[in-house]
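Which chain is which? They are A, B, C, D, E and F, in the order written, and residues in each are numbered from 1.
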Amino acid sequence: MAETEIEFDTAGITKKFMYVNRKAPYGTIYALEVLEAVLISAAFEQHACIVFIDDGVYQIKKGQNTDAVNMKNFSKTYGIIAMEKEDADEDEDMDMVWRIIVEKESMEARGLTADDFVIDVEVIASTELAAIMAEQEIVISG
Amino acid sequence: MAETEIEFDTAGITKKFMYVNRKAPYGTIYALEVLEAVLISAAFEQHACIVFIDDGVYQIKKGQNTDAVNMKNFSKTYGIIAMEKEDADEDEDMDMVWRIIVEKESMEARGLTADDFVIDVEVIASTELAAIMAEQEIVISG
Amino acid sequence: MKFGILVNEGPFTHQASDSAYHFVKAAIEKGHQVMRVFFYYDGVYNANKLSAPQSDDRNLVKMWGELGSEHNVDLVVCIAAALRRGIVEDNLADGFRISGLGQLTEVGIAADRLVVFGD
Amino acid sequence: MKFGILVNEGPFTHQASDSAYHFVKAAIEKGHQVMRVFFYYDGVYNANKLSAPQSDDRNLVKMWGELGSEHNVDLVVCIAAALRRGIVEDNLADGFRISGLGQLTEVGIAADRLVVFGD
Amino acid sequence: MLHTINKSPFERNSLDSCLRLSVKGSPILLIEDGVLAATRGTSVSDKMATAMNDHPMFVMGPDLQARGIAGDSVADGITVIDYGGFVDLVVEHGTVQSWL
Amino acid sequence: MLHTINKSPFERNSLDSCLRLSVKGSPILLIEDGVLAATRGTSVSDKMATAMNDHPMFVMGPDLQARGIAGDSVADGITVIDYGGFVDLVVEHGTVQSWL
């Protein structure tokens, strides 16, 4: 038996959501399923900070080719997030701020630069990122 | 439909099995399920080296009390392993050598001593343990 | 205060679901409201009614279902994560319902706090 | 040469089952025999026939079952690990069978090599 | 913001990442295998002592007990709490960042 | 004995434990997230270079490709193989120790 659908009243509320990605892609599925959570939040017109820390920076590495491991290549989906961000930036009627952030220290420890990523990101040092994190209202990590 | 049971001929073969425990108990279930694998191998009269490395050393820490987390306290089961080892040691008709080993470096890094464990163990330094490991025929890690 | 909870792991391999359960229980005992527990990733396995733990071990599937019913906690299993993992209406335990991922965002907005438990 | 394989994780959250599958396939292509794949811990979820991945993703449950049938690989799900996690005859995928943990020791003894895939 | 760490500091980088990315003064709660960071006399004790200059440090008692870690093995300055105490910390400190 | 490592050297201690507990000359194969240890110019490059004095080092090509790591980013001296090569290593080197 399907239970009754329950809905909460969220009209007019905009919160600061942060999505923390700290895991490499493919070794585990967390990257893919966090991505799905980010996309759905756009429909609710919430603020979103998508941050890549530690091995999470590999999630947006250019040149992923999953043919030989026969897994779903989801790196193209980050392009959709970049588009959602553009929409949020351009639509002045919409109170929705999206940021895509890579932690500088994590990127550098792995020998990567901003050019290595499939999307445009803000590269931010840990002390500044800590301050941004501290302002969030919801942090979802996977 | 149940499939037909398949059995392989193992009569008269004794192999060197090593069970590698590197994970803390309770945070994950691996410790418990490796333990079950060790116990079953006794019925096959195989050699067994049960080694505790890294956070695996906490699996045999004295004084575990799981009442407040409401999980199954399996630390007493290690006593059964110690008994199996005694049986193997004492029965001269049985070609079955069991060893229970803790890596010295892992133990010391965690501020533990051999007195902290629920069973008697051999405390062996990493270089020597590496040599023992290299002689094994089957290594099961969980 | 109103809480939302996200559980990312199943009922055996990781302690996440245990910790979440004890947190929810303690919150309710302190008079708080737990609006919804959302089960995502392997967390959907917490709703598998066929789970039969050993008799001397806890049964988290049953415990969650009872806690949900007794204290009116909405137990939601993510449909996308569940389909992949073979959790469907047929094997869904009592007290749980299957719904979309939007229900996670929704409880994040509606609750005062969202607490995540995972690996 | 004769191989035994141990798979410790389920079909989605970790890559272990994927890696094991590709290893087994490559071993068979090279003319080796894979006597048995033993599914332990969350590995038992690989045998859940209700799993329905997205259409653009691989379906490991089906892939394992087919590989097993085609190449006579014994796919064994640990009964103790499976009971806890709600994998029973009713939802067991084609090509798998449920049996005791002794079958892991047995293949360790009988095979020339045992390779473990996990988290 | 309350930070929770549920991984062993000997096995993973969660504690390091948390310390790098948390603002001074924000409390840290060790749960599950994360409680292994709380014992005195280990290879991470110095790191923990430094961390405690900047962060109030809490540890889950039930998780310590499960792992056989007696109260007197816990380093000075770390507050042992239970699940109710966890709830209180979340209520008091707002957003929770779980370092999974 | 063949050692396999499937975890990132940035996140976990698997590589360290493997290096501490493997005899000189035994080969190491990096698979899954373990392949992240193979790229040049990272914070673990020096450790890898030292390890390679004692151990022949292999890395799974399919896992590198999935993670977008080009062949020319792989450090010198590491041999890129595929699943067939993995099978051959197991055949050749006997017992496998998976550093899970």
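Convention: a residue touches a chain if its C-beta (ideal position, glycine included) is under 8 Å from a C-beta of that chain, and two chains touch if they have at least 3 such contacts.
Just so it is clear, the structure is predicted and the values come from calculations on it, not from any experiment.
The minimum number of touch steps linking chain A to chain E comes to 1.
Graph distance from chain C to chain D, where chains that touch are one step apart, equals 1. Look at the CA centroids: the one farthest from the centroid of chain A belongs to B. If you compare C-E with A-D, the chain pair joined by more contacting C-beta pairs is C-E. Distance from the centre of chain C peaks at F, each centre being the average of the chain's Cα atoms. Remark: chain E and chain F have CA centroids separated by 33 Å (rounded to whole angstrom). Separation between the centroids of chain B and chain D, computed from CA atoms only, is 24 Å.
Among the residues of chain F, those touching two or more other chains are numbered 6, 10-11, 13, 32-33, 62, 82, 94-96, 98, 100. Residue numbers of chain C whose C-beta contacts span two or more other chains: 8, 12-13, 15, 22, 41, 54, 57, 114, 116, 118. Residue positions 26-30, 54, 69, 71, 138-139, 141-142 of chain A are each in touch with at least two other chains. Per the contact rule defined earlier, chains pair up in contact as A-C, A-D, A-E, A-F, B-C, B-D, B-E, B-F, C-D, C-E, D-F, E-F. Residues 23-28, 54-55, 58, 61-69, 71, 73, 75, 109-111 of chain A touch chain F in their complex.
By the touch rule above, chain B contacts chain C in their complex via residues 26-30, 69-72.
Note for the complex: chain C touches chain B at residues 12-15, 18, 22, 54, 56-58.
Contacts from chain F toward chain A in the complex involve residues 6-8, 10-11, 32-33, 36, 39-43, 45, 61-63, 65-70, 73, 82. If you check the complex, the residues on chain B that touch chain D are 1-10, 13, 15, 17, 29-30, 33, 36-37, 40-41, 43-44, 46, 138-142.
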